[in-house]
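Labels for the chains are A, B, C and D, by order of writing; each one numbers its residues from 1.
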Amino acid sequence: MSFDVTKVRKDFPIFERTIRDGKKLVYLDSGATSQKPLSVIEAESNFYKFTNAAVHRGAHQLAEEATDSYEGARLKVANFLGAKEEEIVFTKNATESLNLVAYAMGNAQPGSRFALTSKDQIVVTEMEHHANLIPWQQLAARTGAELKWFEVTPEGRLDLSAINSIITENTKVVALTHQSNVLGTINPLEAITARAHEVGAVVVLDACQSVPHMPIDVKKLNVDFLAFSGHKALGPTGVGVLWSSVFEELPPFLFGGSMIETVTMTSATWAPAPRKFEAGVPNMAQAVGLGAALDYLTEIGMQSIFDHEVELTGYLMNGLLQIPELSIVGPQNTDARGGSVSFTVGHIHPHDLGQYLDSQGVAVRTGHHCAWPLTRKLGVPATTRASLYLYNDESDCDALFAAITGAQKYFA
Amino acid sequence: MSFDVTKVRKDFPIFERTIRDGKKLVYLDSGATSQKPLSVIEAESNFYKFTNAAVHRGAHQLAEEATDSYEGARLKVANFLGAKEEEIVFTKNATESLNLVAYAMGNAQPGSRFALTSKDQIVVTEMEHHANLIPWQQLAARTGAELKWFEVTPEGRLDLSAINSIITENTKVVALTHQSNVLGTINPLEAITARAHEVGAVVVLDACQSVPHMPIDVKKLNVDFLAFSGHKALGPTGVGVLWSSVFEELPPFLFGGSMIETVTMTSATWAPAPRKFEAGVPNMAQAVGLGAALDYLTEIGMQSIFDHEVELTGYLMNGLLQIPELSIVGPQNTDARGGSVSFTVGHIHPHDLGQYLDSQGVAVRTGHHCAWPLTRKLGVPATTRASLYLYNDESDCDALFAAITGAQKYFA
Amino acid sequence: MELDSLYQEVILDHYKHPLNKGLSENYGAQVHHVNPSCGDEITLNVTAIDGKISAITWDGVGCSISQASVSIASDLLVNKSFAEADAILNEFTELMQSKGTKEGNPDVLEDAVALAGVSKFPARIKCALLGWMAFKDAAVRINTTTGGE
Amino acid sequence: MELDSLYQEVILDHYKHPLNKGLSENYGAQVHHVNPSCGDEITLNVTAIDGKISAITWDGVGCSISQASVSIASDLLVNKSFAEADAILNEFTELMQSKGTKEGNPDVLEDAVALAGVSKFPARIKCALLGWMAFKDAAVRINTTTGGE
């Protein structure tokens, strides 16, 4: 571990507060949303205090400065991902990013590589978050295309054994998560992207749980779209990202100001990407805040963050497995898995467990984690999830262990 | 005028800065986006500093507090509009709100009151912002429905003389702006909403330029949908509102977490509104900031703000009309018009005029103001627009007058 | 500890030894409700004779609060008229929305007053209401079909 | 005043007395370009003989920067080969993106160096480039059809 977690925590104002009668905040819910360092909070405030104006729209100094800040944030995102500026579109969250792709494909003209008919197929996986499942269900329903999926093995890995019959010549799009928000599993992409591209399908990667936690170079991933949310990556709420190398060919999604080239009463033509996909006055302050978040992460180093989390995940799983009746759902070691660890504890319902943990200052998430089909497949009604980030350390894990043991006594 | 503009300006940090070599900031571009009082900036920062967590998703104290803040903001918006909480949906901006309605109608099952076929008609007006025009063009193109519109008279008013042949038994939706962002015209709604409802059409009101500037009671407006943007109403960027009294009947738009009731691999059912329309982790901090903005506006009083703006608009128009070669586009008096005043100055191109004004610290907007069909109809390639808000006073208008006169000399 | 106001003895008892769990073979109406935020599910059978509720049985998975609450409801509402049940349900709903300011009337709510503490934990109110809302739904169905006879 | 670096005398001259304004009847390629953010429009005719640009005429509405810039371009690029024109265009584009750090080479750019100040006003760069991008587009069309002959 090459950075000092205690020092890192000092950058996050929220850790100065306490929970339920003065208990230390043990925040193990970064998989849902991350906390924010002061530099991010201030980047957003300073935008409003010093340079607030509508970007791209005014010929005055404030508008110039606002445009510089906003486009500067785009450049930061591009650099963070190893991408070009025009490949970065700001959305409101990853959910919008993924819906954008599905709706825009629905808007494609017949014959376009994106257009779907009842002969085509869409491929997802059983471990998708609802945000990367339902948009495709709906696109399938609207176009008559068939929805197919990769199953999840009992170990919490994708079963790729039938890859050639799941991804076929009729597959137009393969949408999958980079890292499961329930299991922590990091999916092997090579086989899937190779097969998808072999049959001419585009690959949409839900990188919500990977971009904030590991070094990413989009050029190496071999995918066509990548989505993530700012708020899970130390950034503000209200901003997401969609990266793509094929934006030029994709029709727009939201229609309105700033995304047009010309407009008459009956028709319109579109500006080039990324503008084509950013209708209306954008989430300027939030994009700027996200830029500051990526600066913060880069300063610490994504590889260090990943290493820290892998080490801490090992510690977490080890400690958890020593608790009687506790079983971890998903990969049982740290190979190709990130810092989201879901588990069940005997007959204690996750909701009750979460409530007890909360009374001890430990914040986790319980339920189906917006991946209901996966929870069902795993044969559990719900799980409890602890998810780690750069500001967590062993003392957080120890607090969790103690609290679980306490819950077992309480509900005995 | 029942409030003190000088005092109001002190609440807005941006007015402490200067423009181009120390000139006072004369901000006359609130029609594009408004400046933010400190209370709004702090509401957003404080959310991150003290209660940041994913709403509706965790059983821990932070998640409870975050949910309280976010739902508290929804209540504030509801109260501000005279609406119920479940009638308020948070979006990213008004553009998304309007696209939401158009796409959700496109998702309606055949036979639903929202479903469109090639026999149906959509009615807009010639003075719509692109955000309330292109989504309807696209819906028309997708469904085969016909797009019709009310024309604009040379005085900048809607020509309602042919109302019964424009809104017919085949009209499914009438979408129009409450107040034009170019002309300042406040449209008379009664005749249109009465006729629309007589034929069973829904009315979608673009209230971007009215909600921030006048008292609004949705119950009295007799419309079915109302959209506005937070950033034009002293609120943060990245948050918009869609109000509707018919949300229960409308299918969802964006699909993902938190908007569902149940999900399997192949199908999903929806939560009740407003959740049905808020997929993913929402723009929590921005909604909270918008709540603070509406508190600020309410504290001053929307009627006082409206009165102030009408009075100042009179002063502005009066002064402008004394400048040789200047002509105002749109209503020439303050009857049923708000504080957006667009004009041309002889042969000086608006872009050049705006640049000169900027050199004097005066921020205006130039161009087609995202209402290109209207600009074309008015027979001008572009206009210059000064738009007022509660923090403007006569000295801002005087600075504008002086700068225009300066520009005339400069480009003579 | 504030947690104890949530997990009263009575609640944990009902959770461990639920009443009327196991679905009856016959019923006037059967409903299935879920709590979308946590995935809890419940199936509830209601039978009525001459406008009086004669039996409530249920099955499902869920947390202690949702299970105890439906157990309590299934015991409390039986042998009541639909109007009486409705009044009890309203009083219970009010208690749940009281944010810890009400204690609940034990004459009306009996064991359900033990759920008063739930009102201080907003995320749990839906758990406590799950079974009651299922009952409400079933009652509507019985009274709008002939299923009640 | 910084504004003077934007509105140089040469620019205002071209604006008031534009060169080659008024479309020729015949042309090798005609293109129509718009600046979506302000609505400025330009139509540009390019004619070439034996790989050399023989005439550029144009018409349009726009601000002083866009009008002056196309006037300058129409004068500067005529009688050049497409390769020469391309080199000039690249040099001009670089100047526009220089954020005020370059002055421009008057031997290559002639009157166009007067537009150097535009590079300090990001919102105006598109205005200055409008005519040049239209020319670029027209050149591509001429060279991919037989329109150039």
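Convention: contacts are C-beta pairs under 8 Å (C-beta built on N, C-alpha and C of every residue); 3 or more make two chains touch, one makes a residue touch a chain.
Everything numeric in this text was worked out from a predicted model, so none of it was measured.
In summary, the chains found to touch both chain B and chain C are A.
Chain centres were defined as the mean of their Cα atoms; on that basis the chain farthest from chain A turns out to be D. Rounded to whole angstrom units, the spacing between the C-alpha centres of chain A and chain C is 37.
Rounded to whole angstrom, the centroid-to-centroid distance between chain A and chain D, based on C-alpha atoms, equals 45 Å. Taking the mean of the C-alpha atoms as each chain's centre, chain C and chain D sit 77 Å apart.
Residue positions of chain A with contacts to 2 or more other chains are 20, 57-59, 63, 258, 260, 262, 351, 355, 366-367, 372. In chain C, the residues that touch at least two other chains are 37, 121, 124. Chain A meets chain B in the complex at residues 13-14, 17, 19-20, 25, 27, 29, 32-33, 35-36, 40-42, 44-45, 48-50, 52-54, 57-63, 91-96, 98-99, 103, 107, 126, 129-131, 133-135, 137-138, 142, 147, 149, 229, 231, 236-239, 254-258, 260, 262-268, 279-286, 351, 354-355, 357-358, 362-367, 370, 372-373, 376. Residue ranges of chain B in contact with chain D, taken from their complex: 20-21, 349-352, 355-356, 359, 366-368, 372, 375, 381-382, 410-411. On chain A, the positions that touch chain D within their shared complex are 56-59, 63-64, 67-68, 258, 260-262, 271.
Considering their complex, residues 34, 36-37, 121-124 of chain D touch chain A.
Chain C makes touch with chain A in their complex at residues 1-3, 6-7, 12, 37-41, 61-66, 121, 124, 127.
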